[in-house]
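Two complexes follow with chain A in common, the first pairing it with chain B and the second with chain C.
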Partner chain A sequence: MLLLYVLIAEWLFFYFAGTTVNRRGVTVGFGTLDRQFDILRHSCEIGLLALALTPVIITAGIDLSVGSLLGLCAILFGKFWHDGGLPIPIAATLALGCGALGGALNAALITALRLPPLIVTLGTYSLFRGLAEAITRGSVTYTNFPEGFLFIGQERWLGLPAQAWLFFAVAIGVWVLVHRMTFGRSFRAIGFSPEGARYAGLPVDRHIALAYILAGLIAALAAIIYTARLGQAKADAGTGYELFAITAVVLGGTSIFGGRGSVTGTLLGVAAIAVLKSGLASLPVVMRMNAAEEMSGVLTGALLLLALTAGVLPRLWSQRRARHAAVPKTLPTS
Partner chain B sequence: MKSLLRTFLAAALTLSVASGAFAAAASSKLVVAFLPKSKGNAYFISCKAGAEKAAKELGVELLFDGPTDSNAAKQNEIVENWITLGVDVIAVAAENKEGISTALRKAQRAGIKVVTYDADAMPDARSFFVNQATPEGIGHALMDDAARLLNGEGDFAMIVATLTAANQREWQKHIEARLKEKYPKMKLVAVRPCDDLKDKAQSEATAMMSANPNLKLIMAICSPGVPGAAEAVKQAGKTGKVKVIGLGLPNENRRYVHEGVTDTVILWNTGDLGYLTIHAGVALAKGDLKPGAKSFKAGSLGSFAVQGDNILLGKPFAFNKGNIDQFNF
Partner chain C sequence: MTPPLLELRRLTKSFGGARALRGVDFDLKAGEVHALLGENGAGKSTLIKIVTGAHQPDGGTIMVGGELAEDLTPAAAQALGIACVYQQPALFPDLSVAENIALRLERGGVLRTVGWRARHGCARDLLQRIGAEIDPATEVRSLSMPEQQLVEIACALGSGARIVIMDEPTASLTHKEQHLLFTVVRELRKSGVGVIYISHRLEEIFALADRVTVLRDGESVGTHPVSSMNEAGLIRMMVGREVAQIYPPSESAPGEVVLALRDVGCAASGVRGVTLDVRAGEVVGLAGLVGAGRTELARVLFGLTPADSGEISLNGQRVTLRSPGEAVAQGIAYVPEDRRRHGVVLEMPIAHNMTMAVHGQLFRGAWLRFGAERSLTLDYIRDLAVKCSGPFAPGGSLSGGNQQKVSLARWLATKPKVLILDEPTQGVDVGAKSEIHKIVRRLAKEGLAVLLISSDLPEVIGMSDRIGVMRGGALTAVLPGGADAHAVMAAALGTTERGAA
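Our next item is the complex of A and B:
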C-alpha cells in the first residue's frame, strides 16, 4: 500500500514540476498524454520481465538470464525472418519456442541437478548473450521489418500503445496463475520451505520448472515487442534489463527469500520505476544538468533501499520494545 | 499512513513550484537538443564544446544528453523524451540508422527540425546530414600529406583494417587515384591488413620495413594502425628515417607525435563538427536553411558546401606537433 502512495506522490510531483508551456504556447513535458503513453511503451519490456520473475522469486529462486534471453530471442527472431525467409508470425512463434527452451534449460539444471538458481542463471546469463553475439558476430543488426509488425511496437490500438495490450494480457495471466490457481499456493509453499512442500506431496520440481519455462517464454515475448518498438534486432537488446526487473519485483513487496509476493505489487514496482525515470528526464532542472539517466539510477537505488528499510523497521522496533519490556523482569530485584 | 501521504504531497507541491519557476525562465529561447552516440566518449565531448560555442553565439539553449554507453534503445528513449518536451531542433549522431529513424520521423511529425551529424540516419528521417568527411577528402588529404613529407618521391606502404571493409576500400581507392594522378615518382610497395589490432599493425610494419629497405613512409588508414606502426618504427630505431602518418585519434598518437615518430594524424576537427551542426539546426528552424541550398554560412567558420542533403564539413584536419595538445579525444 505504501508503494501506491509513493507512486501517486511521484506522479503528482512530476505532473506539476515536469509540465511546462513552451515558446509556441504548447503544453509539453510529463503532463502530456503522449508522455504517459511513452512511459507505458517504455515499461512494457522490463514490465514483462518483472512479471516473468515474480513467480520465480516467490519460489525462492532467481533468474538472472531473462535480459540475455531477450537479446538471444530478438536475434533468433530476426534471423528466422530475415535469413530464414519465414513469415513474421511463424518466426515469432519459433522465437517464443526458443525462449521456452532457454527457460527449460535453466529449469533442468536447477531441478534435475539441484544447482542453485543464482549460479545456473548466472551461467545462462553469459551463455545466452554470448550466443546472441556469436550468431551476429557482434555486428549484424536485423532491420527493415514490415510496417504491420512495427505497428505492435510503435502505434496505438484502441487508444493505447499496441504492446500495452499484450503486456496487460500477460499481467492478467500471471496474476491468475499466482493468485487464483493452486500453482500460486504451491509457489509460495515451495518458496517458504521446499522440503516441507515436498513432504506435503507437492510436485516441487515440476512447479519450479514451470516457473522458469514461463519466464523464458515471457522473455521471448518481450524480445518481440522490443524488436517491434525499435525496428531492429541487435545482440545487445535488453542488456541490464534483468536487474531493473528484479528491482521492480522486490520493490513490489515480493520477498527475495521466497514464500511471499504479489503480481499487483510487481506492477506497482514497475510503474514506480518507470515514472521516476521518465519524470526525472522531463524536469527542466535535471535536463539542464544533462544527468537524467544518472539521477534516475541514484533515485531508483535509493527508492529500493528506502522501501526495504521501511519494510523491516516496524518489526525491528517491535522486537526492541519487546526486549526492553522483558529486561527488567529477568534482572534480580535485590 | 495518511500523514505520510500528506507529507509527500506537500513536498511534491513545494518542489514543483520551485522547478516551475526554472522552466518558465528558459522557454523563451529556441531549444536545440544534441544527442551523441555515448556521452562519456571524449570524441563527442569535443563535438559538444563546438556545439556550446555555437549555442552561445546564437543565443539558443543547448540540451546535451545521450546514453552512458552506445545503446540504440536509450537513444530512442531520449529522443522521445525530447519530443514530449517540445524542443525545437534535434541533432543526432545515430548509433543505429534504422532504429533511431523511427523516433526521428515522429519528431518531424511533431514539427521538430532534425539534423544528423557524425553518423547518418535514414534520409527521410532528417532534413540534413552534417557530413564530417567524404572518402575523397580523406584520401586526398592522406596522399597529399605523404607526398609533402617525402617531397613527392620514394617508396611507401599502407596498413589497412581489413582488405574487404567497405570504407577502407573506398579510402584506398581515392588514395591510389590521387597517387596515379599527381605523384608519379612515389610508389606504393605494400598494402597489409591489421584486423583493427595495434599488435598486428606493429608486426606488419616491422615485416614491411625488413622486406622493403627503401621504405620511406608508412600510412595507416585504420586508427589502431597508426600507433602500431609508430611503435614498430620506434623499436626498429628508424625514427625520422621511416615516417608515419595516418587516420586516427589525437590521444592514442600524442606520445608518438611528440617523440617525432609520427608526423601527422588526419581526422576532422570535432569542435567544428559540433559548431556547424548547431548552426545548421538553428538555421533550419528559423527558415534560413532550406532543402536545395547549395551553400551554408555558419558563423565564424564561414561558408560550407552543400551536396544534396549533405552539409560538408570540408577538408580533413591535420593534427601535428604544433596543435595536437589543443585536442583531447
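Our next item is the complex of A and C:
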C-alpha cells in the first residue's frame, strides 16, 4: 500500500517537474501521453520477468537466469525464423517451448539434486547467455522481421501499445495462479516451510518445478516482445534485466525469504522503477545533474534498501523490546 | 571428609508453564560412577544442561568441590572441570583428531603460532591414556561413532575434567565397543574422576555404576548403592506413580483390520520387521523410549521414508506408500510430533492450514473456494473447540494445544481411515490434553483406526486398546490395554530379553 503512495507521489513529481511547453506551444516531456506509452512499452519485458519471478520468490527460491534465457530465446526465435525458414507463429511457439525447457533444467537441478536455487540459476545464467553468444558467434543479429510481427512491439492496438495487452494478460494469469488457485497456497506453504508443506502431503517438488518452468516460459514470451520492439534479435538481449525484475518483486513486498508476496505488489514495483527511470530522463538538466542513468541507478537502489529496511524495522523493534523486558528476570537474585 | 565433587541442592527449573525440575538433590563423589535414570521427560537432560551451564536454574544451589558456583556458564563450567560427552559427538568432521582436541584445549590469541608437534603429541598422549588406538592426524569424518566418542572423552580428560558426564554413550555402540568404553570409564574412576552416567540400559548400570539416582517428574525418587538394587526395583522407582489421570473409557468394539503391517522395515531409518494390525475403532498405543523407532515407523507409514521391505495393507489391499501424497490418497493421516515445524505452518492462517491436505477434494480444478474453506474451518473450530480470534488468525498466534487441534483438523478433513498421532499431547496444557483425549476416543468410536505414539506412559496405557512396545527399531511386545506400567517399562528397556542387545 505504501508503495502505491510512493508511486503516485513519484509520478506527480515528474509530471510537474518534467513536463515543459516548448517555443511552438507544444507540451513535451514526462506529462505527454506518448511518453506514458513509452514507459509502458519499455517496462513490458522487465515487467514480464518480474511476474515470472513472483511465484519463484514466493517459494523462497530465486531465478537469476531469466534475463539470459530471454537472450537465448530471442536468438533461437530469430534462428528458427531466419535460418530455419519457419513461419513466425511456429518459430514463436518453438521459442516458448525452449523457454519452458530452460526453466525445466533449473527445476530439475533444484528439485532432483537438491541444489540451492541461487547457485543453480547463477550457473544457467552464464550457460544460457553463453549459448546465445555461441549460436550467433557474438556477431550475428537477426533483423528484417515482417511488419505484422513488429506490430506487437511497435504499434498500438485498441489505444494501447500492443505488447501491453500481452503483459496484462500474463499479469492476470499469474495473479489468478497465485491468488485464486491452490498453486498459490502451495507456493506460500513451501516458501514459509518446505518441510511443513511436505508433511501436509503437498507435492512440493512438482510445485517448485512448476514455478521455474513457468518462469522460463514467460521469459521466452518477453524475448519475443523484446525482438518485436527493437526489430532485431541479438545475443545480449535482456542483459541485467533479472536484477531489475528482482528489485521490482522485492519492492512490491514479496519476501525474499519466501511465503509472503503479491502480484499486484510486483506490478506496482515494476511501475515505480519504470516511472523513476523515465522520469529522471525528462527532468531539466539542472535537476538531474546531467546524469539520468546514474541517478536512476542510485535512486532505485536507495528505494529498494529503504523498502527492505521499512519491512524489517518493526520486527527488530519488537524483538528489542522483548529482550529489554526479559532482562530483569535473568539478573542474579543476590 | 572431603566435600563431594558436585552437590546440587533443591534445584528447580521451569520452561514456560512446565516444571522440568522440582527441587532435585544430587551429589557426585570423586572416583565414583553415578548413574542417572529416569523415563523420557523425567528431567535428566535439564539437569545435565544446568550442570554444564547451558541453562540457568530458577532456584537451588550448585556446589562444585565444596564451593558455590553461581551463574554457571558453559565456559565457567568447563573451567571448573565439568565436561560432557554427548550421544552425538559434536566434533568438526573436516578437521583432524589433533585439531579437534586442540580446539577444545588450546588457548591463545589470533597471532600465536601453531605447534604441530606438541599438538599431535598431546593428542597422542590423551588417546593413549584412554586406550584408544587412533592416529591424531586422522580426519574425524573417517572415524566411527564410538571412535568419535573416545575423542570426546580424550578432550574431557585433556581439559583436566574432574566431572565427566556421559549422556547415553552406548546408544550407538556395538558390544565390543561398549566394553572398551567401560574400561575407559573404570580407568577414569580409578584416577579420581567423578562420572555421571546416563543410560536406559539397566544392565550397563549394574555393570558399571556405584550408585544410582532415579528421577521422576522432575523430582529425585532416591539415591541408592547399585549393589542394593535389582532391575525390578529400579523399574518400580522409575514408573512409581499410579495412573492418576482419568482417561475416557473405550466405548468401541474393534471392527475389521484396517491397517496391516507384515515385517515392515526401512533400512534408512532403522525400522526393522514390524508386524502389527490396527482395527477400525481401535486405539493402538506405541510405547518406547526416545529413539526406539516409533516416529520412524510413523514416517514409513506416511511415505516420508518409504519402507524397503515387508508389506503394508489397507482394508486388505496391499499398498505402496512412497510419498506423503500417496499416503494421504490411501487414507493415512499423520499428526506429526513437531507441530511447530511440521504440523502447522505458523505464518499461515488457521483456515489455510486446515485445508492444506484437502486441496484436491475441496478445491475442484484447483480453484480456491473461499466460502467452502471458511465453513469447513468454522466447523472444525467449533467441533474441536479451537480457541482463536477467527479462522484467519495465523497458526503461530495459537497456544500449543490449539495448534495441535489445527493440525488434527487438517487431517480429519481428509476423512482418513488411519490416524497416526505422534506425541499429540506433548507440551500441551492439562485442559487441552484431556480435550484431545476425548477427541481421540470419539474418533475411534466413529470407526477410525488410531495409532497413538506417546512417551507419556500413563497416557499410552490409559488411552490404548492395545499397546505395542518398540525398542531399537523393532516392535518387541504387544500388551493389552491397561497393562501394568512396569510391564510396559520393562519391555521398553528390554529387560525381558536379556542379552539381545
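Quick note on the criterion: the second predicted complex is superposed on the first by the 312 of 334 C-alpha atoms of A that agree within 3 Å, B and C clash if a C-alpha of one lies under 4 Å from a C-alpha of the other, contacts with A are read in each partner's own complex, and residues count from 1 in each chain.
Throughout what follows, a contact is a pair of C-beta atoms (placed from the backbone, for glycine too) under 8 Å apart; a residue touches a chain by one contact, two chains touch by 3 or more.
Source: prediction; values computed, not measured.
Following the overlay on chain A, a side-by-side fit with no clash is recorded for the pair chain B and chain C.
In the superposed pair of complexes, A:201 makes contact with chain C only, with no contact to chain B.
Applying the stated contact rule after C-alpha superposition, one finds that A:151 touches neither chain B nor chain C.
In the superposition on chain A, A:165 contacts neither chain B nor chain C.
Applying the stated contact rule after C-alpha superposition, one finds that A:26 touches chain B and leaves chain C untouched.
When the two structures are aligned on the shared chain, A:13 is found in touch with chain B, with no touch to chain C. Once chain A of one complex is fitted onto chain A of the other, the partner contacts of A:183 are limited to chain C, with no touch recorded for chain B. Once the two structures are superposed, chain B and chain C can be ranked by residues of chain A touched, with B on top.
No C-alpha atom of chain B lies closer than 25 Å to one of chain C in the superposed arrangement. By the touch criterion given at the top, residues 1, 4-5, 8-9, 11-13, 15-20, 22-24, 26-31, 39, 63-65, 67-68, 71-74, 76-78, 80-81, 83-86, 88, 96-99, 101-102 of chain B touch chain A in their complex.
Here chain A touches chain B in the complex through residues 1-2, 5-6, 8-10, 12-13, 15-18, 20-24, 26, 28-30, 32, 34-35, 38, 42, 141, 143-144, 150, 154, 226, 229-232, 234, 236-237, 239, 278, 281-285, 287-288, 290, 292-294, going by the rule given at the top. For chain A in complex with chain C, the touching residues are 180-186, 188-189, 192-193, 195-203, 259-260, 330, 332, 334.
Residues 56, 70-71, 302, 304, 323-325, 327-328, 334, 336, 341-348, 352, 356-357, 359, 363, 366-368, 410 of chain C are the ones touching chain A in the complex.
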